[in-house]
Structures are given as structure tokens and as C-alpha cells.
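Here come two complexes built around chain A, the first alongside chain B, the second alongside chain C.
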Partner chain A sequence: MARALIEKRMDWTGIGFAAVLTVVIIFPLLVVGTWAFTNVWRYPSVIPQEFGLKFWQQTLARADVWSSITTSLSLSVTVTLLSCVICLPAAYAFARMEFPARNLLFFSFLAGHAFPKFGLLVAIAGIFLQLNLIATFWGVVLIQLVGTLLFMIWIPVAAFQSVDRRMEEAARDVGAKPFRVFWSITLPQAGPTIAAAVLLSFVGTFYETEGAWLIGAPQIRTLPVLMISFINNQPVIQYGAVLSVILWVPSFAALLFARRIISSGSFARGFGG
Partner chain B sequence: MTVLPANDIVGTNKSRRPVGLLLVAAPVLLVCWLIIWPIISAIIRTIWLPDAAAEKRFSLETYQFFFSDQYSINNLMVTLWTTAVTALILLLICLPIALYLRFATNRIAAYVQGLAIFPMFVPSIILSYAFIRVLGPNGTVDLLLNAVHLPHIRSPYLTPWGPVLGLVWDNIPLTVLILLSGLGNVSNQSIEAARDVGAGRLAVLWHIILPRISNSLLVAVSFTVLGIFSAFTLPYVLGPAAPEMMGPFMQRTFRDLNDPTTAITQAVIAFGFCIVFGLFYVYSVAKNRAP
Partner chain C sequence: MAVLDIQGVTKKFSTTTAVDDFTLTVADGELVCLLGPSGSGKSTLLRMIGGFETATSGLITIDGEDVTRVPPERRPTGMVFQSHALWTHMNVFNNLAFGLKLRRLPKAEIKRKVEAVLDLVGLGGYGSRATTQLSGGQQQRVALARSLVLEPKILLLDEPFASLDQHLRERLREEVRDIQQRLKITTLFVTHGQDEALALADRIVVMRDGHTEQADRPDVVYREPATPFVAGFIGSMNLVDGTIANGVFTHTGFAVPLAAADGPATLAVRPEALDIVPAAGAGMAKIHRVTDYGTHAIVDVDLPDGVRLKAMVGEARNWSAGQAIDLKPRAFAAYRYNAAIFRSLDNG
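For the complex of A and B:
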């Protein structure tokens, strides 16, 4: 009993992991956060000489920052909407209807995941080159749209399948039209999971860097692409730090809403675990 | 007649068959056009080259060039090295974390799990920036070492170790989740039974746990290999200019050297090196999921 109590209190392995992971994972991000709110930090001082918001004003006054925020948002919104329009009806069909080659078509969305992603992007870029889609908005939309397909079909299919069919049948029995059944019974039950899928695809698109860089640059400059050029060519450290904080906002939203889904086992099984 | 016969429902279902196909047509066509066709066309384009008279003929010269060019071979080698080292380090870090999380239930375990998953919510471009600020020249580690009068570290920034550290950091969450999901299949009874007959911790790990999660280990490795072999952002920002990993190499060949055929050859070679891992990964995902 006493031994069990001591073991319960002193989980040294856990404390060790927690300490190391805190240093390795949280500390670097805190350093970036500190840089973003620093006016002066000269070597070799361990803490900044002057804190302040000076560089927020300067960063937000830059035209390239605003144009890439606009580009990133309009790309992510366009891709997510298009993805909803083509994927959600397809997910409903996969979950509820019988048609030829259903399984084959369902698994075809995995095809892209059997190949290293950047190689695939180069192969697609080879085709876009002939179609004059390189360095255009719609070229980037297409390449990012392909990246959302698997999530936007597989997660909603699971959502539609978990809807209680007896409730739908009961609604039909009392005379509800098919659309009414879908709107009042199916959608409210499947809704939260579908919303998580939509959020994941929005955030995923927002941070998609490789496709935007390979297909879009230099005309289409998203926030992550701008961040690469800040890292490579910008001597003022704070610009990158402020942009990092701005850039993290959608991820933070995803963290708040999607953490439960990701922590659950079904998410890892989706990756083949 | 206002009351419909019951079998009419079955009838409507049958007439919906083409409707189902119609509903899935758009995403399926997109997959065919932007995934399957590019792969086929990449292979055709690189073995069916125009000769001096612009006549197309079968030729492997782009591949011969790749494997005879020392620079390309160095890039391939550094990619293979990075993939192997990163996968190994990832397993060495994530397996203990996953084992700990599988058997611990207290609050510290919840905190550790939260931390292990956290990198999933940090885009790799922010990670790159944080890496440079912490481990780069005059970074925080240098500051702290300087404050206690110790010599500077040799910064991994712009060396092959830069991408390795970044990729390990980036891949911790999914590796831990995949291994944890595999450890869910190991029953407490089997471990207790082994303990009862006097098996030590290592013996339990080696004889009871590892055989049961071997599939998850392979999935984690496959996923890592696929991700790292063509990683772009982290190697591009953190890695050395030469030799460069396949991702930045393909990008530079395609955009800066304006040589799509060579870039696509490099992509097909990357496909070749990953195909076993890719097929195994897709097979494992498909096995767990039926429509």
C-alpha cells in the first residue's frame, strides 16, 4: 500500500519525459514569442534589453505582409469551399449508396499517399507547365484541393455512417421528405465531425507550403512562402517572429477545436496505426 | 393512388445507382487527373525522349545521367542518410514515450501526451524559424552557454543535422500516435502473465510487446520514410546548400534550372526508392478501413 502510494506520487519517468519535452517543444516556441515582443535584444544579453510592440507596427505596415495574408486567406477559403462542394456529396454517396466499383473508387483517394509528396508535386507541375497553370491562382487552388480530398471524404463518410439509421427511418415513417430527413436528422448528427474535417482542411491548406512554393512562386505568395523569404533574406529578426505569431493563429484555432478528435484512437487508425 | 407500395423504396434505390457514381465523379476525376495521370505521364516523359530530329524514342539517358552524375548521387545519398537517421532517432524517442503513455494513467501522462502531440499544431515553417533562433548562430543556446562562460556549440544549422533535428521534431506526434494505437492491442494480461513467470522488463518488451506492435512500427517507419524522402521546407531552410536533399534538389532543378524533364526524372527515382514503403503504408491504412 505504502509502496503503491509512493509510486503514485513519484512518477519519475513521467517527470523526466515532461521536463525534457517541455524544454525541447515549448522552449523554442517561447523564444520566438519573446522575439516578437522585443524592441531591442543585443548579444550577449540573456534577456531582451527592451520589450515593446514596435515591430508589430512595422510588420503590419508592410505591403507584402498584407498581400500575402489576403492571398493565403482567399486561397484557403476557395479551396475549402470547393472541397466541400465536391467532397461532401461524394462522401454521402460512399456512405449510403450502392454503385459499381464503390470500394475501388473509395480507396483511390489513397493513391497519392503511396508516393513521396514532393515528387508527386513535381510530376503535377510538369503537367501544369504544359497547361500554363504555373504561377497562377487556380494552379495553386488545384494542387491544394487535391491535398484535401482524402480528409474531406474519409472523415465525413465515417460521420454519415455513424448516424442512427433508425431515426431517419422513423422520420420517413411520419412522412418527412428525403431532403427534410437529411436536413433535420442526418446533418445535425454528422455535423460536428464534418465541421472538424472542414476546419482541418482549411488549416491544412493555410499552411500548405510546398505546392504554393513550387507552383505559385513568385506571383502567388502565401504567408508561409513569405515566411521562407523572411528567413532567407530578412536581417531584422523581429519581422519573422511577428509573422510567426500571426501565422500560428489558425493552428491555435485548430488546437482548440480538433484536439479531441486527434487524441482519439480513430484518428491514428486513419493513418494506418 | 396516394399510398406507395413498400417495394417502391427498393425501386428508387436501384434507380439511384448512376446518381451515386455521379456524386463521386468530381473528386474521383480529380484524383485521376492530378495524381494517377501525373505519375504515369512522369514515367512516360522520362523514358520516351525526343531525339535530335524531334522524333520520340525510348531512352534511359536521363536516368543514366542521374546515376553517373556525382552531384546527383551525393544528393540521393544525403537523402537516404537523413531518412535512415531520422527514422532511427524517431523510434528511439517515440517508442519509450508511447510505452510510458500506454501504461501510465496519471496527470503527468496526460501532460506528456499533450506535449508529444503539440508539434502537430506548429507549422514546420514556424519550427524552422524557432530552430534558427534557438540553435543558430548567436541563438538562445549560445546566449545561455555564453552566460555561464562555456564555449559555443557547433550549430547544426545549415549542416545535414539541421533537417534531421527539424524532421524529428515535426514527426514526433504522428509516430507517437501510431505506436500508441499499436500498443492498444497489447493486453495487460499477457504482460502480467509474462511477469508472473519471472520475465524482466526487457524480456517483456522484446518477447511480448515488440512482436505485437511490429506492424505499427513498420507503419510508423513507412510514414516517416515517405514524409522525409521528399521533405522540402525543413531541408530547404535548415539544410546545407550542397549536398541538398531530394526535395530542394527537385525544386531547384524544376524552377531555377528550368529543366522539368530532369526534375521529373529525380521525382520518379524518389518514387522508386519509396514504392515498397508507400504500398505497405497504403495497404495498412486500407486494411483498417472499409467504406
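For the complex of A and C:
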């Protein structure tokens, strides 16, 4: 009886946290959302004087906006694909093979995330300058690729390790060569978890700003970099707000996609949970 | 159909020798059981035949063709794993069709073969099921069918029923035996269950520490175990250490006349060959407990020094705990230094 009573009590701490999080996350989103559809909003009015799509038309009429959208999308797709080609075989090797300095290499992927990122980027920018990679598309691809390494290696390694080796042996037994086993058995078995990693790397690349700005500026401007410069340099708030709302689209799409293909446990499994 | 020949095969892992100079020939259509405790090397041996481990030395041939270093995908062997290892992202049909597709058979023929093998294992019409929807026994049948559909020369079974319950295990092993007889397929079966080996095998190979203790027909292995290890591993067996002097084996109060040279010896008596009678005098032993199994009863008896023996009796109610009794072994054997030195004539 006592236990049942305790379990029924309201979890005030939890509700408190939820409320704070809601205010901190939802409220700014609401404000930005409102600004994006506002034509006139002057102090001290609580709600805008005039709603409208005026600034959407103005924003979307700008050539730099469209070119940055194209840049962002092609950058994210290129980085994600390259990352798959490089990291998935590497992850398989980490999961299934023994080789010298395996653990050292495995933990070296943490290095990119273990130090202050901006300092690292500045150092890399110095090297890229020598290599004529500054302000080029492939320079930005390279820097973003480094950013995706951690979760494109670590999550798939966990996914591959959780695939039953007997399944792979059974496939060898019925006549499949090692690559066919990987393609037809291992990859589909590890599929949902790897999809999670791919999604993370796409979204992560799409929203990354520091590397994209430091290596890409001024020629290569991604959508988030453009938004930041709008917010910093434009007296009109709406430009930034409109871009920010546009930027929500890929993350919403990613979320919906994630809900469809990823069963609830996959993310946790990917992180070894 | 095929002959499997294993000649002097050794498998060493970094510090241990799993299989030690092992030799065995499996005749065409024969079903041989590799029986032994865990760590005896039986699974390693099977995995070497399947191609999942490479022998350190020795030769494995199938129909005279050397396969010792051939990768598993090019061996004419089919393996059924303990954990069934079905591919959960494919349905039953695709699990069975995978190997056939790799062989580039026409679609219609694949369909015909898969349906035929599903009928063979009693799962006709289950093709579109997801493997995860099947029961444990059905999953193991699909795993068996996946190997059989490719018509391997040698069928390898690695403790395939270990994860199933007793009842299902018995039924499946009868089915496997029927299928094996019908297809006349040369089969090697690994198990640590002696009842499974006795029920299935044409020949049992009892393994210990990577070598053969005894290889013979099940009835011979049961009735004439070559070593005390086999005696103790197959069926239940009373093993008593003692000495032989002047044609009599003795162990504190328990004396059995047998014709063998003087010296230390181990006496082996099966419970069903150990008769007990109410004590004439003080008695050789005391009953500790009587366990009634309905069809028969097992009487645990304690010798004066505490060594416990088991005797099988027909009626539990004739005996009670604490009763003093005499022991009369009907059939027995004696071992010295790992070899049999005496067997009584009546081996029943």
C-alpha cells in the first residue's frame, strides 16, 4: 500500500524541469516565429501591429539566400555521403578486426571534440591556407568531415558489434563471400542504428557554423552563416527571423524521418545503452 | 553423398590446444555424434570442418578432396548453429532462398526447392512469416531447412537443440533422424547431452580435452565404456576406487570377486545393474534416500565411509531410509590407469 501511495504522488521536480525547459525552448521559438511573419512591430506593443509575408518576399528575392541554401544542401549531402564511404568500412574494421593501435586510433576520434573547437579550427585554417583550401567548397567539406567522424565511427561500431556473428557465419556457410555478407546481412542488421548516425551527421553538418565560417568565408556561405551575418549586420530583425524559420525545415524533416525509420531503442543501442 | 575424412587434425589457440591430433572417418550416410563436456574441443572440430576455424595442422577431406584451407562459402558443408542464426531482417522464404539466389538459380526453381524443403521440415506454407514470429522449435527447423535446401554433402549440427525444452528437443531429434535417414546425408552432430547421442547416432565419438576417448556404436559405448571417463559421462554410473587382491575387489566393506591382477582399480557399476537385498548381518551399506520415479525408483546407499552409490529398483515401497542392506552387482567392470582390466560377462 505504502509503495502505491508513493508512486502516485505528483513528481513536482519533474514538472518544474519540464516547465522551465518549455519556457526556455518554446518561448524563444515563438518569438522568432512571430518576428518572421511580422511586417511592423514597434515598442511598446506586446503583439505586432501588422502581420504579413513582406519580409519573406524580400528575403527569398535575394540571390545570396538562394545560393546559400544550395551551398548548405550540397555541402551536407556531400559530407554525409563521403562520411559513409569512409567511416562505415572503418567502423566495421574497428568492430570486427584486430590490428595494431586499434584502441588508440579508436579514441583519437574523440580528440576533435575534446579540445576547444575554435582553437583547433584556427590551427587547421592555417594549414588550409597553405594548401589553398580556404574559401573553397572542398575545404569546408573537409572540415565538416572531421566533425562527423566521432559519431559516424562510434555509433556504427556499436551497431556492428551487436550483430550476431553466427548470422554472418551462416551466410558464409550458404555461399556468400565476405563482402556479400557485409552487404546483405551485417549492414541491414545494423541498419536502423546506422541511419541514426547518418541523420546526426547530416543535421550536424547542416547547422554547423564555426568551421563553415572560418574556412569558407567569404566565398562559401552556408545558410546558418548567412543568418548570423544578417543578425549581426542588418538593422531589420525580420531577415534573420525568416532565415531561422527556414532553417527549422531540415531539422523537422529529419525528426519525422527519424520517427519513421528508427525504432525507439536504436539511438540508445548506438550509444551502447 | 559423401565421405568425410579427418586425419591428424590439431587446433591450437594462443595458449591451449583445443583439438589434439584428431582422426575420424565418417562413412557415406552415417550420423556421427561428437559427445563431450564443454571445452572438450567438439565444437572447434565441427567449426574446422565447416571452415570457420583453420586447422593448425592435419588434413580434412570430403570425398577425397582436400578442404582444410578452403573458406566456408566454397565448402560442400551445411551448418546448423545452436542459436539458429536466422537472418531476422528476411522472412522465412528469403532465409531459405538466399543461398540459392547466390547460385543464380532461376526464380521458379528457387520457389520449388524452398517449398519442398519447408514441407520436409513440416513448415509448409510458412514462407511469408517473419522469423521472429516463429517459436524456438520452428526457428530451428527453418535453420535446418536453410542448410538442407542447398543439398550439402556434409551436414553439421552444433548443439542445435540446446536452447529448446526437453519435450521439444526429443521431438526434433526424432525428426532430424528421420530426415537424415530419408536423405541419406552424411551428418556430424555435436552435443553434450548423452541421451541425444544415444538416441540419434550410428556412432558416438566421446571427446575429452581434444582427443577421442572412445568411438563406437551407442550400445557399445553404453555397455562397454573404454575408460572410466566414458563410463562416468554416458548414462549414470557408480565409480568406486579400491584395490584388487587375490581376485577380490574391496572398498571398505564392499567386496566384489573379479578375475584381474592385483593392484589399485576403479569399479564401475550402473545403477540398473546394482541389486540390493535386505542385510543378512550388519549390512554392507545403509539406505540414505529412496526416490520414486513411478516406473522405477532410485535408492541412494551410503557405504560405511560415506561413499554414495545409486541402485535402481522396481518398487520404491520395499525400501526405506536407514535400512541396512547388502549390495550385489550383477554386471560391472574394473579400470586401472584409464583402461578396462575386467568386464563381467553379463553386461545387461
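The rule we apply is simple: the second predicted complex is superposed on the first by the 237 of 273 C-alpha atoms of A that agree within 3 Å, B and C clash if a C-alpha of one lies under 4 Å from a C-alpha of the other, contacts with A are read in each partner's own complex, and residues count from 1 in each chain.
Assume contacts are C-beta pairs under 8 Å (C-beta built on N, C-alpha and C of every residue); 3 or more make two chains touch, one makes a residue touch a chain.
Please read all numbers here as calculations on a predicted model, not as lab measurements.
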First (chain B), second (chain C), both or neither touched by A:35: first
Partner chain in contact with A:157 - chain B first, chain C second, else both or neither: first
Between chain B and chain C, more extensive residue contact with chain A: B
Partner chain(s) touched by A:22 [first = chain B, second = chain C, both, neither]: first
Chain B versus chain C as contact partner of A:171, first or second or both or neither: second
Touched partner set for A:124, first chain B, second chain C, both or neither: first
Touched partner set for A:239, first chain B, second chain C, both or neither: neither
A:109 touches, of chain B and chain C: first, second, both or neither? first
Partner chain(s) touched by A:189 [first = chain B, second = chain C, both, neither]: second
Contacts of A:202 with chain B and chain C, given as first, second, both or neither: neither
Footprint overlap on chain A, comparing chain B with chain C: none
Touch list for chain B against partner chain A, complex: 13, 16-21, 23-24, 26-28, 30-32, 34-39, 41-42, 45, 96-97, 100, 104, 106, 108-109, 111-113, 115-134, 138, 140, 142-144, 146-147, 169, 172, 174, 177-182, 184, 216, 219-220, 222-223, 226-227, 229-233, 236-237, 246-247, 250-251, 254-255, 260, 263-264, 266-268, 270-271, 274-275, 278-279, 281-282, 284-291
Complex contacts: residues of chain A adjacent to chain C: 164, 166-167, 169-177, 180, 184-185, 188-189, 191
Of all residues in chain A, those that touch chain B in their complex: 8, 11, 13-15, 17-18, 21-22, 24-29, 31-32, 35, 43-46, 86-87, 89-90, 92-95, 97-100, 102-103, 105-120, 122-127, 129, 142-143, 145-146, 149, 153-154, 157, 207, 209-210, 213-214, 217, 224, 227-228, 231-232, 237, 240-241, 244, 247-248, 251-252, 254-255, 259, 262-263, 265, 267-273
Complex contact set, residues of chain C against chain A: 50-52, 71-74, 77-79, 81-83, 85-89, 98-99, 102-103, 143, 146-147, 150
